[in-house]
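One structure follows; several queries about it will come next.
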Amino acid sequence: MIYRFEQELERNAEDNSMVSNDSLDKVLAKAQTLSEALPYIQRFNGSTIVVKYGGSAMLDENLKYNVIKDVALLKLIGLKPIIVHGGGKEINKWLGKINKQSEFVNGLRVTDEETLEVAEMVLNKVNKSLVAMMTQLGLKAVGISGKDAGLLQTHKKTADGKDIGYVGEVTSSDTKILDTLIQDDFIPVIAPIGLGDDFHGYNINADDCACAIASAVNAEKLVFLTDIEGVYVDPSDKKTLVSEMNVAEAEEFIEKGVVGGGMMPKLKNCIEALKNGVSRVHILDGRVEHCLLLEFFTEKGIGTAILKDPLF
Amino acid sequence: MIYRFEQELERNAEDNSMVSNDSLDKVLAKAQTLSEALPYIQRFNGSTIVVKYGGSAMLDENLKYNVIKDVALLKLIGLKPIIVHGGGKEINKWLGKINKQSEFVNGLRVTDEETLEVAEMVLNKVNKSLVAMMTQLGLKAVGISGKDAGLLQTHKKTADGKDIGYVGEVTSSDTKILDTLIQDDFIPVIAPIGLGDDFHGYNINADDCACAIASAVNAEKLVFLTDIEGVYVDPSDKKTLVSEMNVAEAEEFIEKGVVGGGMMPKLKNCIEALKNGVSRVHILDGRVEHCLLLEFFTEKGIGTAILKDPLF
Amino acid sequence: MIYRFEQELERNAEDNSMVSNDSLDKVLAKAQTLSEALPYIQRFNGSTIVVKYGGSAMLDENLKYNVIKDVALLKLIGLKPIIVHGGGKEINKWLGKINKQSEFVNGLRVTDEETLEVAEMVLNKVNKSLVAMMTQLGLKAVGISGKDAGLLQTHKKTADGKDIGYVGEVTSSDTKILDTLIQDDFIPVIAPIGLGDDFHGYNINADDCACAIASAVNAEKLVFLTDIEGVYVDPSDKKTLVSEMNVAEAEEFIEKGVVGGGMMPKLKNCIEALKNGVSRVHILDGRVEHCLLLEFFTEKGIGTAILKDPLF
Amino acid sequence: MIYRFEQELERNAEDNSMVSNDSLDKVLAKAQTLSEALPYIQRFNGSTIVVKYGGSAMLDENLKYNVIKDVALLKLIGLKPIIVHGGGKEINKWLGKINKQSEFVNGLRVTDEETLEVAEMVLNKVNKSLVAMMTQLGLKAVGISGKDAGLLQTHKKTADGKDIGYVGEVTSSDTKILDTLIQDDFIPVIAPIGLGDDFHGYNINADDCACAIASAVNAEKLVFLTDIEGVYVDPSDKKTLVSEMNVAEAEEFIEKGVVGGGMMPKLKNCIEALKNGVSRVHILDGRVEHCLLLEFFTEKGIGTAILKDPLF
Amino acid sequence: MIYRFEQELERNAEDNSMVSNDSLDKVLAKAQTLSEALPYIQRFNGSTIVVKYGGSAMLDENLKYNVIKDVALLKLIGLKPIIVHGGGKEINKWLGKINKQSEFVNGLRVTDEETLEVAEMVLNKVNKSLVAMMTQLGLKAVGISGKDAGLLQTHKKTADGKDIGYVGEVTSSDTKILDTLIQDDFIPVIAPIGLGDDFHGYNINADDCACAIASAVNAEKLVFLTDIEGVYVDPSDKKTLVSEMNVAEAEEFIEKGVVGGGMMPKLKNCIEALKNGVSRVHILDGRVEHCLLLEFFTEKGIGTAILKDPLF
Amino acid sequence: MIYRFEQELERNAEDNSMVSNDSLDKVLAKAQTLSEALPYIQRFNGSTIVVKYGGSAMLDENLKYNVIKDVALLKLIGLKPIIVHGGGKEINKWLGKINKQSEFVNGLRVTDEETLEVAEMVLNKVNKSLVAMMTQLGLKAVGISGKDAGLLQTHKKTADGKDIGYVGEVTSSDTKILDTLIQDDFIPVIAPIGLGDDFHGYNINADDCACAIASAVNAEKLVFLTDIEGVYVDPSDKKTLVSEMNVAEAEEFIEKGVVGGGMMPKLKNCIEALKNGVSRVHILDGRVEHCLLLEFFTEKGIGTAILKDPLF
C-alpha cells in the first residue's frame, strides 16, 4: 500500500530535481512561514479539539481533501482532533432514490422508521468515506456513531408538542470509547446517531452532536465549518463581521434577534458548549481553503470566535 | 437508561415472590448445571474467538437476541469475542428499493459503484443494529469495518478473468485497532468492507473476512453460524453428519467433491484459517437456540469441528 | 500434573460418546440455565466477596468439594473471592490427642500458650488443606493468617473481666497483602490468628475475623456458611425464615431477643460489617449443595440476607 | 502498634542523653565501619538471596533475633531475601506429645498420614513464628508453604526401594507467587511441604527445598545456616576449614569421601544449585552472631563458599 | 572502567588474605555496628534529603571523598539525596586570575556581567568535579544548575536599595527535572545559578538555593555542611552548643541577637524551610569525618537540629 | 515568567489589528506552505536526531536564535532532538584573559590541567547559555556533559605518539541519562567533555562527540551545522557541490584526497556514524537562516547528505 503522501514526496523529488535552480528566496520564505507557526503549535500542543464538519466543505472533493490534510497536520503537531460530521444533501438524494416523501413540522423533518434507516445508512456511508480518505493520508481514523459503546444517549425531541418520530436530543454520554481511541493515537470520526431509552436509533442534529461531544470531553476548541463567513451584526453588510465576542455578547445578540435564522441555533450551541467547559468556539467558513490552519496558525484567525471570558 | 437485564432481574424478582413455593429440586438442578460448566469456562478463559454471524440467525429477532446473549456470556466469563457479520438478504432488499438490477458472473454479483454504495450502507446498518442490541444487553460493542484504521487491505477479485467491479480479497490486515478495543474490554463488530490499493471501498465475502480476521489475531476458535447442521458425508442422509475432522480429512472431502456447493468455499476457509494459526474451526447451525453455549459448554458440542491436529 | 477438571473433561468426553443419542432437549435446557445466569454474572462482575467458611460444609468431603467448585466458578466469572475459615472440631480433636483439658469462662475457652499453639497449628493445617484442594481445581490459592504481613492486629479480649489468655479482638488491619494477591489473581485463604500489641499470636473468632476482613476491603458481599437455614422469627417454626431484613430490623431482632444464642453474635457481626461499608451480608446453610451458586444466581437466593438500606 | 525498633530508638535516645560525654572516637569508628560496608552494599544491590534457616540458629531465641535482624538489614539495603526453614526438633517434640513412634528406613523417617499431619502443623507453626518476629521488626513477611499457589510439585521418594510414605522430592515449581510477593516488597518465608501428583501433601527435606527454590528463582546466593563452621578437609582438624572451593573441587571431595555424613547431601545440594543458575552457595555457622552480615560485608566472609567458576 | 570501589574490594581481599589470623572479635564488633544501624535505615527509607555542601568540606580532598561516600551510602540504603553546592573560594581565585576587582555593598559583591560569567563557570566546574567523583564511586550523578529545565526562577536582589547586578532571589521553581532524575535513580547535583524574568542568569546564595529546593520537593531533611559545630548560646563557650531547638526557639535566638553574623541568615533559612514543609533542618560541622553518617545513624546526632514541632 | 513566544503572540496580535486589511492571499500562501510540510512531518515523526551545533551559527545571536527556534519546531512536531555543541572561539578568548599560551602538536592543542579547566568552564558556559535561550522559547532543555551519569568514557589521545595532555577519544557510552531525559520530554544539550579511566576530565572534539552520541542512540539523522555549504568535488568551484553521496562514494573521496583538510575528519566521522546505525548524516551551512527547516522540510534539502545505502 503506497500512501498518497509518499507519492507526493516522490513527485516533489522529481519536481525539485527538475527545478534545481529554483529560487532560494522562495524556499527561505517558506521556512520563515514554518518558523512563524512555532508559537501557535506550542500553544495548542496536547489540546483536544472537536471539528464539526459539514456544508460545502464536505461536498467539494478538493475542499474535503484540504480539510483532512489540515486535520492531519493538527494531529501530527500534537493536537487531538475529533471529527463530527453531518450527512447533508446526501440524505435527501437517497430518500429521493427510494421515492420517499418527507413531511416537516416547524422545519424539522418527521422521521419515521424508513427515513431513519436511510439517514443512518447515509451518515455511515459519509463516515466511512471520510475514514477512507484519512487512511489514504496515513492517518489512523476510526468511524463510529453515537450508538457505539453507548457513546450518546438521547431522548425523543418534539416540535411544537408534536411527535416527529426518531429525532433525538443528547441527554448523556459515555466517552470511554473516545479516550480509548485517542489514547492509542486514533482519530475518532463520529456520525450523529444516538440510542434512545428504548434502545432504538435516533437522528441527532450534527451541530448539537458536536456541541455535546465537545462538552463531554472538555475540548479546548470546538470549530464549526459552515457555509458563511461568521456572525454579522448586519448580515447584509460584510463589513460588520464580528471576529470575537464573549458569552454575554452572544446572548445579547440572540435576545435582540440580531442574528438570522440559521445562525441562531448554532450560536445557542456555542454558548452551551462554553458553559460546559469548552474554552473557545469558532464559526469558520469551510469554503475557504485551509481554513483550519488559518484559524490555528494566525493570531487574528478567520470567522467568528466566541470565548468563555470577556477578553480572555 | 435501564438495561434489559435489569428489567429481567426485576421480573424474576416478581416471579420468584409469586412462586415462593417453587420446587427447590429445580433450582438445585440449575446450580448443578452451572457447576458443570466450570471446566469449560476454565479451558477457554482469555481466548480470542471470532464468530462469523450470518444467515437465519441474523434474520429472526429471537435467534438474534439469543446469539447476542450467548456472546455476552462468553465475554463475561473471560473470553474475547470478535463478531464478523454479513448483510444477507437486506442488500437485495435495498437494491430492489432503488430498482437496481444486478448482473452475475459465475454466481458473483458484478458490483458497480452504486451497488457497492448500497452494500456498504446496508452492512453498516446491520452493524450498528447489532451494536445497539449488544449495548442494550450491557455490552460495550464498537462497530467498525475493514476501512477503519486500515484494518483490511484488499485487492480486486476477478471471476473467470472478468472484471466484476468492487469485489475484493483481503491481502493484509492491521489489527492494532482490534488490540486497542479488546484491551479496553470493547467487543469489535466488523462489517466486511475493505480498502483497495486505490483507497476505494471493496466488498468482501463475510466468510473470507472472518477467516482473515481469525488468522490475523491468532484466534483460539473461529465459529461459523450457518443455516445447516454441519458437514455431511451424504447431505441427503442426516445420520452422516461429521462431528469432528482434521485438516487432512477436510482436504480429502474437497478433493473427492463430497461436500456440496455452498459448503465448499466455507470448508476451504476453515482449512486456511487452521493453517494460519487458528486452533479450531466450528460450523454450527445458527438456527439452534444457544448454539454457541452448546458448542462451548458441552464436550461433544454441536455441528462440525475441524481441528489442526488429527485428534488433538 | 493433571488437574482434576481435565480428568472430568475426559470423563465427560467418554460419557458423551457413549450417550451419543442423548436427548437434545436436556442439553438445551442446560444451555438455557447458563443463559439465565447472565444478568447475575453481569451484576457481580469485579466485586470482592468474603466467604466465611465453617461448620458442616467443612467437615463433609463432598460438601467441601462443592463449596470450592462454587468459589472457583465465582472466580472465573470475574468475582474476587476471599475465604476466611475456622478450625471447628479439629481443634478439640488435637487437644484431645495431647490430653489437654480446657477451662471455660462464659463459654469462651481459656487459651493458654499450649492451647494457642494447638489451635494455630490446626487452623494452619485446615488452611493448607483448603489451599491444596483449590490447587487441585486449578485455582491459585494462597493460605495466610492474620500474622502475615501484619494483616490483623488484635488486643486481648476478656470474659466478664477475667483474663482468658490468648484470645483476641481485631483492632486494625493492613490489607496490602490482600490487594497484592488479588491483583495477581490469587485467592487469599485466611486463618483467624492475629498478632497482639505484644507481638504474640492471638486466636480470633472466625466470624469476627471474616467481618473485619470484609469491612477492611469494602467487600460487596460477606457470606456466612453456617449449619442453619438462616434467621427465624420463631426458630421452632421453619415457616418463619426471614429471607431479607435491613439493619434496623436486625437491631430490633437483637433487642427483642428474638434470635437464639448462636445466632446473636453472628447477627451483631452482620450489622457491624454493614455499618463498615459491606453492601450485603448473607447467612446461608452450608449443608445445601451449591448454596453459593444458589445465592448468587437466583434472585430470591437462599437463607437470610441483611442489607444496608431498607429495601435497596 | 509500636515496633520493637521504635522502642530501641527510644531507648537509644535515653542512653545517649545519659552518656552525653560518650567518646566521639568510638562513634567515629562506627561511622567508619558503616562507610566500609558501602562497596559490599553496592555489589549485592537488587540480588535475590535464599537463606536456608535451621539448626541451632533457630532454637536459641537470641540467635533467632539476630538472624532476623540481619535479614532485615539485607532487605533494607536493597537485597531480596527468601527464607526457607526446617522444623527441626519441634517435630519430634510434638510426635512425642501424641505418643507417636516413628520407624526409620536408611535414616529416613517413615511418614504416615498422622506423622505428615504433625510435621506440617509444626512447620507451619515455626513458619508463622518467624513471620511474627519479622513483623515485630517492621518487615512485611508472608509465610507460605510449597502447597500455596502450586509453588512446589513433588513426587514420592523411596528409601532403598521401600515406600516410606509421604516424603517427597521437588519435581517442578511455579514461582509466580514469589515474584508477586517480592515485587510488592514482601519477604517470602517458606515451609518445606509440597503437593504430590495425587494432590496429597509431602514432606520435603528443607535443604532440598532451599536448593530447589534458589535454582527456580536464579538466586545470586544460596546460604545454608548450619551447626558447623563449614567444610573441613579433615573434620578433626579445625585448621583445615576450606574457605572457598569450586564445583569441580566439591565433586572431588564427594568422590573421595572426604566430607562426613551430614555434610555429604548438603554438598550435593550446593553443586546442584550451582549447576542450575545460582552463582554462589555458602555454608555458614548459624551459631555465630550476625553470621549473615559477616558473610555479606567482609571480603573473606566466614564458613565455606562454593562457586560456579574456579576463581570467579 | 574499574570503579574505585572494585579496587578497594580487591585490596581488601588481599589485605584479608594477608591477615588471615585477624581477630574475629574486631570483625564481630563491626557486624554489630551495622546491625545497630538497622532502625535508622528503616526510619529514613524513601525520604528525600537535601544536602547543602560547602565550606571546608569541599576544599579538603579527603573530606570531599568522605562526604561523597556518605552520600553514596545514604543512596544505597534507600534515601533520595539531592546535593546543592557553592563555589566558595574558587570564584575569588578565578576573578584574581583575570585581574577582576570586585566592589561590595553591605557585604554583597556587585556582580557585573563578567563577574557573573566567572561565577557561573566556576560553579559549573565545581559541579562537574563533584559529579566525576560520584561517578568514580559508582553513583549515577547528574550536574545541573537552576537554569536547566527552568528549575529556578529568580528576581533581582538589591542591597540597601542599590543595584548590585546579577544577584538573584528564588521566586519560584519547577522541580519536574528533579522528579525525573530521582525517579530513574540519578542523584541531582545543583549549582546555584537561576534564570531571571529577563532570562539572564543570576547568582543565588547557595544556602538560599538549598532552602528553596528543599521546600519545593518537601524534603524530609535539609542538612547544611558548615565550618562550625552548630548554633551556640554563647559562641565563645563551646559548652553552650544547642543540639536541638524548635522554630519558636530559633526565632527567639534571632530576635535576641544571640547568634552571630554568619549564622543569622542560615538560621532564617532553616526557619523558612521548616515553614515550607521540610521536617528537620541540621547544621553540621562538615569538617568532622563522616558527619552525615553520624547525623543519620546515631540518635543524638551531631551539630544543631531545628525541628518543626516543639519536641516532635 | 512571560516566555518570549507569548510576547511574540501579543505583538502579532497588535500587528494584525493594525493591518486588519492585510492581504488574504498572503495569509493563504502561508497556510499552503504549512500544509505542504505535512508529508515531511509525517516522515520524521518520533525520530531521534543529533545536531552538532558549532561555528558561525553559534556566534551570531540572530543565527543562534533561529537555530534554536528550528530545534523547537522539530521537537513540537514530534522529533526528539539532542544537541551537541562546541566552544569554539570562546575558549581562546578565556585562555587569553588569563594569559595562557598554548603549544600545538600536529594542529592539536596540548591540553594541560589549566587549559582543560578553562575549556571545561567555557564549554559549560556555552552549554547553559543555550539552555537558557531554549528555556526562553518554552523548551525544557537540560545541559549536561559527558561526565554526567557516566555518559561518555574516554581514553587519552596522542598526536604522533606524543602526549598532548587531557585530550580524549570516546571509548564507550552509557546513554541511560539521555533515555531518561527524552522520555520525559526534555531536550539534552551536551558539552563535549568525557571521563577518562583515571576519572579525570578529558576534552573531546565536538564532531567526534556528536558522532559517538548519534551512534549510541541509533539516531535517524546526524546533522553538522558548519561554516561551509557542503562537500565540493572542487572546492574552488561552487557548482561542484555534492548534494548526496553514499558511504562508498565518501570513502572514495577520502582516498583520492578530493576533500580539503577541514572536511576530511568530518567526512570520516560521517562514515563511522553511518556504519554504526545512523541512517543519514547531513553537512549543512549553519550560516543559512533556518537551515534545519530547509533540510527537514524540502525534498532536496541543502548541503550534502551522506546515506547508508546507495540510493535508499
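Per-chain residue numbering starts at 1, and chain names A, B, C, D, E and F are given in the order in which the chains are listed.
FYI, a contact is a pair of C-beta atoms (placed from the backbone, for glycine too) under 8 Å apart; a residue touches a chain by one contact, two chains touch by 3 or more.
Since the structure is predicted, the reported quantities are computational estimates derived from the model, not experimental observations.
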Chain located farthest away, centre of subunit C as origin (C-alpha): F
E-F, A-F or A-B - pair sharing over half of the D-E contact pairs: A-F
Farthest-lying chain, centroid of Cα atoms versus that of subunit E: B
Centre-to-centre distance between subunit D and subunit B (centres being mean Cα positions), rounded to whole Å: 57
Geometric centre distance via CA averages, subunit D-subunit C, whole Å: 35
Rounded Å distance, subunit B centre to subunit C centre (Cα mean): 42
Junction residues of subunit C - those touching two or more other chains: none
Graph class of chain-chain contacts, one of line, ring, star, complete, other: ring
Starting from subunit B, with subunit C taken as the next chain, the full ring order: B, C, D, E, F, A
Parts of subunit C lying in touch with subunit D, wherever the complex brings them together: 1-2, 4, 97-98, 117, 120-122, 124-125, 127-128, 131-133, 135-136, 140-145, 147-150, 153, 172, 176-177, 180-181, 184, 186, 193, 195, 197, 199-201
Complex interface listing, subunit D residues touching subunit E: 5-6, 8-9, 12-13, 15-17, 20, 27-28, 30-43, 45, 66, 69-70, 72-73, 76-78, 137-138, 288-290, 293-294, 297-300
